[in-house]
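Below is one structure, written out as structure tokens; the observations come after it.
We call the chains A, B, C and D, going by the order they appear; numbering starts again at 1 in every chain.
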Amino acid sequence: MFFEVDGLTKRFGGLTAVSGISFAIARGEIVGIFGPNGSGKTTLLNLIAGVYPPTAGRLIWKDRPLAARRPHEVAALGIVKTFQNPQLFEELTVAEHVMIAAHLKLKRERGFGRVATLLEPARHDAALREHVERVLTLCRLIEVRDEAAANLSYGNEKMLGVAMALMCEPELLLLDEPATGLGQDEIGNLDGVLRDLRAHGTTLCVIDHKVGFLGGLADRAIAMHHGSKIAEGPPAAVLDDAAVVEAYLGRRHA
Amino acid sequence: MRAMRPEWLWLPLFAVPLVLHNEVALTVLVFTFILGILAVSFNLIFGYTGQLSMFHAAAFGISAYATHLSMAHLGVSFWIGMVIAVVLVVAISVVVGTICFRFRLKEFYFAIVTLAFSEMARLVILNWGSFTNGSLGINLTAKPMLWLPGGLVPVQGTRMWYYLALVALILTVFVCARVVHSWMGRSFAAIRLNDELADTLGINVFRYKLISFLVGNAGAAFAGALYAFYLSYVEPGYLSIEQSLAIVAMALLGGREPVAGPILGALVLTALPHVINFSAEVRILVYGLILILTILVLPRGIMGLVTKRRHVL
Amino acid sequence: MPKDHARLIAGPAARALALAAAIAVGGAGSALAQDTVKVGMIEAQTGALNTYGWMSSQGARMAVDEINKAGGFEVGGKKYKIQLINPDTQGNPQQALIELKKMLEQEQVKFVFGPFLTNVYKGVEPYATGFNGKFLLMGGATAIHFDLGKPNHDYLMRTWNWDAGDAGFGSLMVQNLKSRGAKKVAMLMQNDAFGHVARDIYAPLFKDAGIAFEEEWFEPGTTDFSSVLAKIAANKPDYLFPGYTDAVLYDIVRQATEVGLTRFWLVRGSLGPGLKNKEALDDYVIYIPKYFEEAEKSEPKVQKFVAAYKAFYKTDFPYDQAPLCSSSCYDHVYMLTEAMKKAGTVDDVAKVKEALMSFTYPGLWNIRYDKTGEEVFNFDVVDVKKGGKIEVTHIAPK
Amino acid sequence: MLQLVVGQLLNGIIIGTLYGIVALGVTLTFGITGIVNFALGAFMAIGAYVGWYLTDGLGITYPLAVPLAVAVTALIGLLADQSLFRFTRNNLINGLIVSIGLISVVQSVILMIWTTTPKNMHYVLPGVLNLDWFIVPKMKGVVFLVLLAVILSTYAALTRTWAGRAAYAFAQAPEAAMLMGVRTRLLQTGVVVYSTALAGLGGALYASLYSLEVSMGSSYILKGVEAAILAGIGSVMGSLVGGIVLGVTEAIGSLFLPQAYRDAYGLVFLVLILLLRPAGLFGGGR
């Protein structure tokens, strides 16, 4: 199997944020994880990305237990996570942000040989810049490539977060509420980009509470509530699931 | 701009001693260049990696002593002595840096712990009289030797020191610029931006924080050896907290970027007390106001007046 | 990004040049004016150890002001006024070096007072030595003592009574202490240059006198000594030998009496701490170059000085360590002018030095220089008893 | 020997409260405005010099001079907050540099008014209290009790009054607190001023024990910061205990080890605590 989560549990003191979650992700699919705020989605993502160690349970990556401890090791294995709120240098341009993220790619390509490139930074940067162009095109940021981050729309800020993650050439991309705070057409744009990514062979695991957006995008949906999985299956089915409806509507009518 | 290679802009500085026959001004410039090395290297840690290190004066002072002591006790030349000192400082920095970064000490905590380590270093040097001559300090009579047309000559006199310091400064700026404008500099930038993000982007935060700390302190060690032998005197005051703060002030005043920005800070803080003869009280006042106004009015330092937007890469 | 790179180098270059030019002009601008003698003073006006330097400047300023108001002094039928150049070294060798270079190379100063601080002296010494024969450096730094008479150090004169040696007062003080039946002395010194020099001078003197001796050190800036004093008190020394500026002595003496240490013996510092704690202590023996409180009554010159001081600085006269520096430096300026008269020149350094060493100047103090160029003057041993009763012994070194 | 140790233990506790009062200011300022106010040492000097001047200069009785000195210090604190610290909220480095700049400004003003010669206040309450196993100067005892009272009542105020709880809430979660209607601006200014007042009090009392010189505050602010971190930034009682731990470490350290290294003992201890317990002795997660 490409990636498996097995009985993953995380407790913060008394509070159990994630309890005994298990599911699998196949290469090339888009898995959507629903759940109202506070249902433990983000914690789940952070556990996978290695931000915190799990209290119990295991992660299996390509049929082997995920050995990595720290996020940068996880990222090096090909699992990269975006941040819910983009973290940007307001004074840096879009292209420069993506350059920052090129570290892992460079490390993969040159290993310790990259130290030698310090002698001629300018030369190998050229190659890198082409790659940056590709990523920016893919993320539909190419027009704003030289804008300072401060001047970006919120949608583009979040998209830039995705672009930076893509620069690491992830096999599995974890997206933390990419649609939150976006307008309709921005969501449409995001939807398009994510489908393109899958077309390029990137596997996606997206968490969001925007049912409409995720329902349309995901091949398979997992619903969470109070830290546990309450339903899994085709999005439409999951969204009709009684428990899920209760989790959402129950509070909406309260 | 392609037409002219930027390095050429250093050339005017080489002409200064030829046109300017003023001992005092040249002396100020020599100190500026050497302290410039200190400020520029500090800025690698502070301005580019975002870590407020208070260990810089310690690296500076330890190297000054180590250079002299290895010359005195091992009978090596200044240059070898300096290399030994740099190696020693880097070794100490590995220990200090590893402790600080392994335990993820951030911002203020990092500043305080590095401050603590440099105070300990100062107290050891101060009280290890048999070796360092304690508070009396040591007069350094030896001179660095250079191979020049005409054989091996000692570096002495303000003009020779001027050129030595200038070349050393250019070397430092060149190295720092290379680091900053490379993938490594971008890793530093990512860490300064947000080290959690850097982490999820696959950057080994610990490793790159440590690297910038080491490279920066190596620069400080370089400066320390030169400073001590230009002044021909080394004392525990090299490692004082005041010195650490002065370095921070240089970086802020000059501007955290571009790479050479802090040199301006070094220049102003070195020259000011000698250009204008304030009374002591007024001088302290002016110094304080400079720090305050730099933060409140010139957040990007003097360089901020020249450069349009912040260039981090 | 070459553009940016270019800018980052252009900036410093331009500014460096501009500033260098500025200083150059400033230097050239102040050419030697006619019939003025420039006198430099290279002392710390601020910083942790500035007391001596700051007070020295006060005395020098007074003297210069008086001399100039009186129309200057006459050498070879020509009237000269004095221009005092008195920057702040902050006790920082780098700044001291630059200021000294300014004096010697831009202002063509030939006579420089100071420094009092050893680290400053050591910072400027290599450069100053390069100017040997071209100027006089008359400083109080203890380290100067060790360089007197060395080759290429003819420019050095030490303007303070010296503890060690035949003409020094150290052995006399220790004898005085022995005569009080002291068997055990505890030294509590500031961990700085003078502290260590004092230890090196007095440890052997105590040994020769058969007085047991223990040492403790504290960091400059310490104000609470209670722990270390309690530790010292536990060993029950006969006398405490604390050092060395009033900045710390007031605290040490007060806190010492609080832990039952009531006998003090000092070679630096002032009466102030003793008098302030006179009720709590039994014996406070101190070397004082001049006991002002007494001299003021007996000597008109001293009266005049005290009055002048009050008038000039519009403050009360602080009867402690500081005025001693000011009064000595006050004398030094006058003594220098006298020497110039004798030598019949204001710029032949060698002649002036010779003249300086040839006579005793009857100022506030009776200052003369011994053959090495070290200053010698009479001093008093003042002994404050419980309740403030004071005994003074006048001592005139050979 | 045991007697000596016990004596220094108590002595360390007394000295520690002086560190504690500064630490308290550091901790409050950091918790509410996100900056470390290094100028607190300078405010301590202001309190000390004003206190000294009021008593010895203007002949006001000491018990009255102290509150006056505190008031003056607080006023200057308010001035500093409105003209400087207001612009550096939550910017650690800027706040640090501005406060360091402010130190120079204060020192230069003090020099202009009172010159560099050290000042010694007449003894307010001379003599010692001699319990034969421990000797404590009377005034030192008084200072200790006053500082202790102030720190404890600050703690009480922070936990019992609305303003205090608001401050706490704010330190924990600014946004939430704002929603609860805490007036950020006012709160932050209030805390900055209060911490300068604390420093001023420390200074005014200090003046009755030690001689004054302009840079007197510098060692105390360092000790204060050490104490605050030792305890874990944000903990009120912690700052007291932190100060005491530091004072005792130094007092006992000076007994068995050379006094020359005194300042290092606290630092070593601090580093160890930070490494073993990053949040400090009393802090929660950082």
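Basically, a contact is a pair of C-beta atoms (placed from the backbone, for glycine too) under 8 Å apart; a residue touches a chain by one contact, two chains touch by 3 or more.
Just so we're clear, the structure is a prediction, and the values are computed from it rather than from any experiment.
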_chain C and chain A - chains in contact with each_ = B
*B-C compared against B-D, more contacting pairs*: B-C
_So, comparing C-alpha centroids, which chain is the farthest one from chain D?_
A
_I'd like the Å distance between the centres of chain B and chain D, where a centre is the mean of that chain's Cα atoms._
33
*Centre-of-Cα separation between chain D and chain A, whole angstrom*: 47
*asked:* I'd like to verify one number: the distance from the centre of chain C to the centre of chain D, where each centre is the average of its C-alpha atoms, in whole angstrom.
replied: 35
*Where chain C touches two or more other chains, by residue*: 45-46, 191, 217
*For chain B, jot down the residues that touch at least 2 other chains.*
126-127, 181, 280-281, 283-284, 313
*Per-residue overlap in chain A, given as positions that touch at least 2 other chains*: none
*Which two-chain combinations qualify as touching?*
A-B, B-C, B-D, C-D
*Residues of chain D touching chain B in their complex?*
30, 36, 84, 87-88, 92-94, 96-98, 100-105, 107-109, 111-112, 222, 225-226, 229, 258, 260-261, 263-264, 267-268, 270-271, 274-275, 278
*Could you pull out which chain C residues touch chain D in their complex?*
45-46, 48, 50-51, 54, 191, 216-219, 221-224, 226-228, 230-231, 234, 246-248, 250-251, 254-255, 258-260, 272, 276, 279-280, 315, 318, 322
*Contact footprint of chain C on chain D as seen in their complex*: 1, 4, 7-8, 11-12, 15, 111, 115-118, 120, 123, 126, 128, 135, 137, 209-211, 213, 215-216, 218-219, 250-252, 254-255, 258-260, 262-263
*Please give the residue numbers of chain B that touch chain C in the complex, ascending.*
1-2, 4-7, 9-10, 12-13, 16, 20, 22-29, 31-32, 36, 126-127, 129, 134-137, 139, 141, 173, 177, 181, 231-233, 235, 237, 258-261, 263-264, 267, 270-271, 273-275, 277, 279-281, 283-284, 302-303, 306-307, 311, 313
*chain B touches which residues of chain C in the complex?*
1-13, 15-17, 19-24, 26-27, 45-46, 87-88, 90, 92-95, 97-99, 101-102, 105-106, 118-119, 122-123, 125-126, 143, 191-193, 195-197, 217
